[in-house]
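The letters A, B, C and D name the chains in turn, as written, and every chain counts its residues from 1.
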Amino acid sequence: MSLSPNLRIDFPALDQHVGGKPLVYLDNGATTQKPRSVIDAVARFYERDNSNVHRGLHALSMRATDGYEAARTRAATFINAAHPSEIVFTRGTTESINLVAQSWGPANLRPGDIILATEMEHHSNLVPWQQLALRTGATLKYVPVTGNDAELGLDPDALDKLLTPQVKLFAFTHLSNTLGILTDAAALCAKARAVGAVTVIDAAQSIGHEPIDVQVIGCDFLAFSGHKMAGPTGIGVLYGRRQLLNTMPPYQTGGGMVNAVTYEGATWKPSPERFEAGTPNVADAIGLHAAFDYLDQLGRPAIAAHDFALGERACAALSELPGIRILGPKPGQPRGGLVSFAFADVHAHDVVTFADQDGVALRGGHHCNQPLMRKLGLSSTTRASFYVYNTPEEIDVLVKSMRRILKFFAG
Amino acid sequence: MSLSPNLRIDFPALDQHVGGKPLVYLDNGATTQKPRSVIDAVARFYERDNSNVHRGLHALSMRATDGYEAARTRAATFINAAHPSEIVFTRGTTESINLVAQSWGPANLRPGDIILATEMEHHSNLVPWQQLALRTGATLKYVPVTGNDAELGLDPDALDKLLTPQVKLFAFTHLSNTLGILTDAAALCAKARAVGAVTVIDAAQSIGHEPIDVQVIGCDFLAFSGHKMAGPTGIGVLYGRRQLLNTMPPYQTGGGMVNAVTYEGATWKPSPERFEAGTPNVADAIGLHAAFDYLDQLGRPAIAAHDFALGERACAALSELPGIRILGPKPGQPRGGLVSFAFADVHAHDVVTFADQDGVALRGGHHCNQPLMRKLGLSSTTRASFYVYNTPEEIDVLVKSMRRILKFFAG
Amino acid sequence: MSDLTDLYQSVILDHNKRPRNRGKPPIANRVATGDNPSCGDNCTVYLHLTDEGRVDAIGFEGSGCAISQASTSLMTTQVKGKTAAEAEALFNEFKQIVTSGQAPEEISDLAAFAGVHAFPARIKCATLGWHAALEALKQPPSV
Amino acid sequence: MSDLTDLYQSVILDHNKRPRNRGKPPIANRVATGDNPSCGDNCTVYLHLTDEGRVDAIGFEGSGCAISQASTSLMTTQVKGKTAAEAEALFNEFKQIVTSGQAPEEISDLAAFAGVHAFPARIKCATLGWHAALEALKQPPSV
């Protein structure tokens, strides 16, 4: 049940040199590479079936509609949604979360209500709630992140105190893009449900890595992006429970989401059409379908195990470097395949620029998590994030590159 | 300066049979086919440069950022925008218009203000203004469409009466997707400017067909979709004058569009980043770049002349059919390459289903223009819409198919 | 062309050209309108339900494609004389036919619509009039 | 590795390791902070402007990458003794160097930053301290 190293040949972009060195792509938290089957699915759509969807009655239009709706059905099975109409296609996680904030939000929140998030949210699962609080008079609170550098986690006692019946919405990440912490989504949703709060899960980092069953998790909304799970850019999903979606006002308006229109007003279709105004991103939905297939063919438990093993290995190897701070959960705790670290004397931007010359692609910065960085007393970290095609040998290359950098700046 | 018939080989999807007949694709108003160069640009991005943009410092990320920003600059030159920061990438026309309605709208409209549209707007340039009027207490009015079936046009006297200083926003289509009428955008913008109204042009149908210079037209906003101009699905543009964009509040919020974020609040980057929350649709922006290049290589004046000629030819040939109503501008008047018609005794859906069996792809319905249909006393029309690869011979096939349908239902 | 003659069977063409029970019947105590806004099609069904709960008069108005016109026309001929429950059972059979393309032996004219299943976008055309009729049967007495 | 030694020239490494004028100077009557929120970098420049309008004391605080630290350190050595107009002229030359990669002969240490032009994302690191200094020069007297 482990991944075959041969799968690297499925990803054309991996087969290149950077600065004369073989590419070691460790920026998967930002976006993953795409297998040939995804690239081809998009091209094939344009070569054979390209047409607008829904309103067409000719052959190409019926094929395009079938392809687009099959992608929706496939997304539903991928996360075990109860029905395809619970899948709304968006541009990505950020738009999915904004959709909830702009549609569900004002219709359901009043002054005095509480929106709960956590201190480790990505800006995309934080700023929309700040804006919603401003708009509705609700208050935004955060579950604190506590612990030492390499033993960080959500504070369970604080969570229990914060989760009062005033909380109408609880938004949290399934997998922190900065810390690699994997939250217990089912347990958090159960607690939220007990006080009647609606739950929004940011699954941007977990969707391509962990098995996800929305019915087991018991969430109300779940957001993810295709490009972080071997799929195309420009496509993502908002999962929402059908009963909720069908009570929500529209988000964007225009062609395709309306029932009857007069010069005076309009009525809306049910979900998912209600939330998909205009021509959708048909080709990339079809590309996303191929990505779902690819990942399920590898097997998500195997992917999760692979990522976890690389994450633990990288933590262990990096921890031997002088002056390093590694941020994340305790060794052995649930974690994703990423590791965030900082050196005392070398800034993350210099680290990334140097590593690039060794062919190693890393990310340095605040990872769209400025407030958490500030809380941890850092302005930035370097992040190595792994995916199905990464190997233990690549971690050796990473560590060697880090040693060289430390030497250069010490020299 | 006319188009080469050889260009058909650039479009892989044209080379197929439908129902045993060669495909005659006349549904370009819904979406156009894509040339090989566009399909390849998207694939090549995934094969070589795929990475997230903006925040990355490694080689792939810098290449992806360069490619994405080059697409923006290319979009600016394509419509002669004064600066690349006037180009915001969106999912398409519908999202571009919603962006203006949701960001510019509430910040600038008060009860008593008037939003002016026309009676021939697509739902995507109509319903967002209805919603904005509801939200702000402004009133939405429409410039009437007058004239007989084949002599339709905006009523110039009514326009002058309606365009009072209370009008804060004037939204109109550059090319009607139902009637084929090409409006005089520069003249309309001049009139609007004279009363201080901000202008929004729906260029969905014109962008791939007509030369467009936003500085000559003098509009404030202009919206279009890539997929209707030989580009990918899932990408479009909102052009906005820089002074306006930089005074507008954000639209969606999240990663990439913020400056400083604390747990308490956030500040925004200037345009275009302000309006592009989350990971953008990088691959399709790069595909759109290839589409701009392809169209400019053909030459937009040549494309416009080609489309106009096919439109006139189709009108003339179809007008000989018994019981046909052709809707559109007077022969010889500015028009796009599309023709909308209705038969007394055969419904548009039956026409489209039949034509499909002859390999002819048409669109039948209200074309997202329900109120106009009602005004014209129709529930639907059949539309044939042309593009660079269509030929006079294909119009003959269309007419022959229509004759066969009339005969079948008369028989 | 085989597909098309499957879709536009002679029964359908006949009902389309010469719709039965077109117009409001002289007596009617139930009415409902079905709308297919995304097609622009609509259909109003009028009917008279006797004290015993049987349809003894039925008629329709509205516009739509050949499929919707013919199916509504045929529906009126089939629903006449039926109770609400019988009409609903008939509709379920009809829905089965247009979605599966399979028609049981004993079903006569309704089987003409089996060809619709190859054109999923047209299924709602075929069911428009039926929906209006069932809706009318649920209405309180009026007119 | 040629690119990298172009970027991290010895002048830069030296200023990064041993920044000049780090900290608040004993006398100062102008202060401004430059922020690069998307990097998390920041830089506060303190300076003293004489009645004749010359900078006679300057210092900086803040954190950032080697490029921003070294460029701010070098900036302080260059701006000292200059008027606001002269400092601005110098910054324009510096900006020219980091965006074009070309340095005129007579320019000494600033030329070390020519390698930055190959790393467009790092240009804002190189100019962070300069922006803070120019901003400080525009402030009304304080402290």
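Here are a few things to note about the model shown:
Criterion: contacts are C-beta pairs under 8 Å (C-beta built on N, C-alpha and C of every residue); 3 or more make two chains touch, one makes a residue touch a chain.
Because the structure is predicted, anything quoted here is derived from the model rather than measured.
Listed by label, the chains touching subunit A and subunit D alike are B.
Compared with subunit A, the chain whose C-alpha mean position is the greatest distance off is C. For the pair subunit C and subunit D, the distance between C-alpha centroids works out to 80 Å.
Remark: subunit A and subunit C have CA centroids separated by 48 Å (rounded to whole angstrom).
Chain geometry summary: the mean Cα position of subunit B and that of subunit C are 38 Å apart. In subunit A, the positions touching at least two other chains are 19, 55-57, 258, 260-261, 349, 353, 365, 370. Contact with two or more other chains is made by residues 37-38, 119, 122 of subunit D.
Contacting chain pairs (ordered by label): A-B, A-C, A-D, B-C, B-D. Every residue of subunit D that touches subunit B in the complex is listed here, in rising order: 35, 37-38, 119-122.
Listed in rising order, the residues of subunit A touching subunit C in the complex are 55-57, 62, 65, 258-261, 267.
Across the interface of their complex, subunit B is touched by residues 12-13, 16, 18-19, 23, 25, 27, 30-31, 33-34, 38-39, 42-43, 46-52, 55-61, 91-95, 97-98, 119, 122-128, 130-131, 142, 225, 227, 232-235, 250, 252-256, 258, 260-266, 277-284, 349, 352-353, 355-356, 360-365, 368, 370-371, 374 of subunit A. Interface residues of subunit D, counted against subunit A in their complex, comprise 1, 3-4, 7-8, 13, 16-17, 37-42, 63-67, 69, 119, 122, 125.
Every residue of subunit B that touches subunit C in the complex is listed here, in rising order: 19, 346-350, 353-354, 357, 365-366, 370, 373, 378-380, 408-409.
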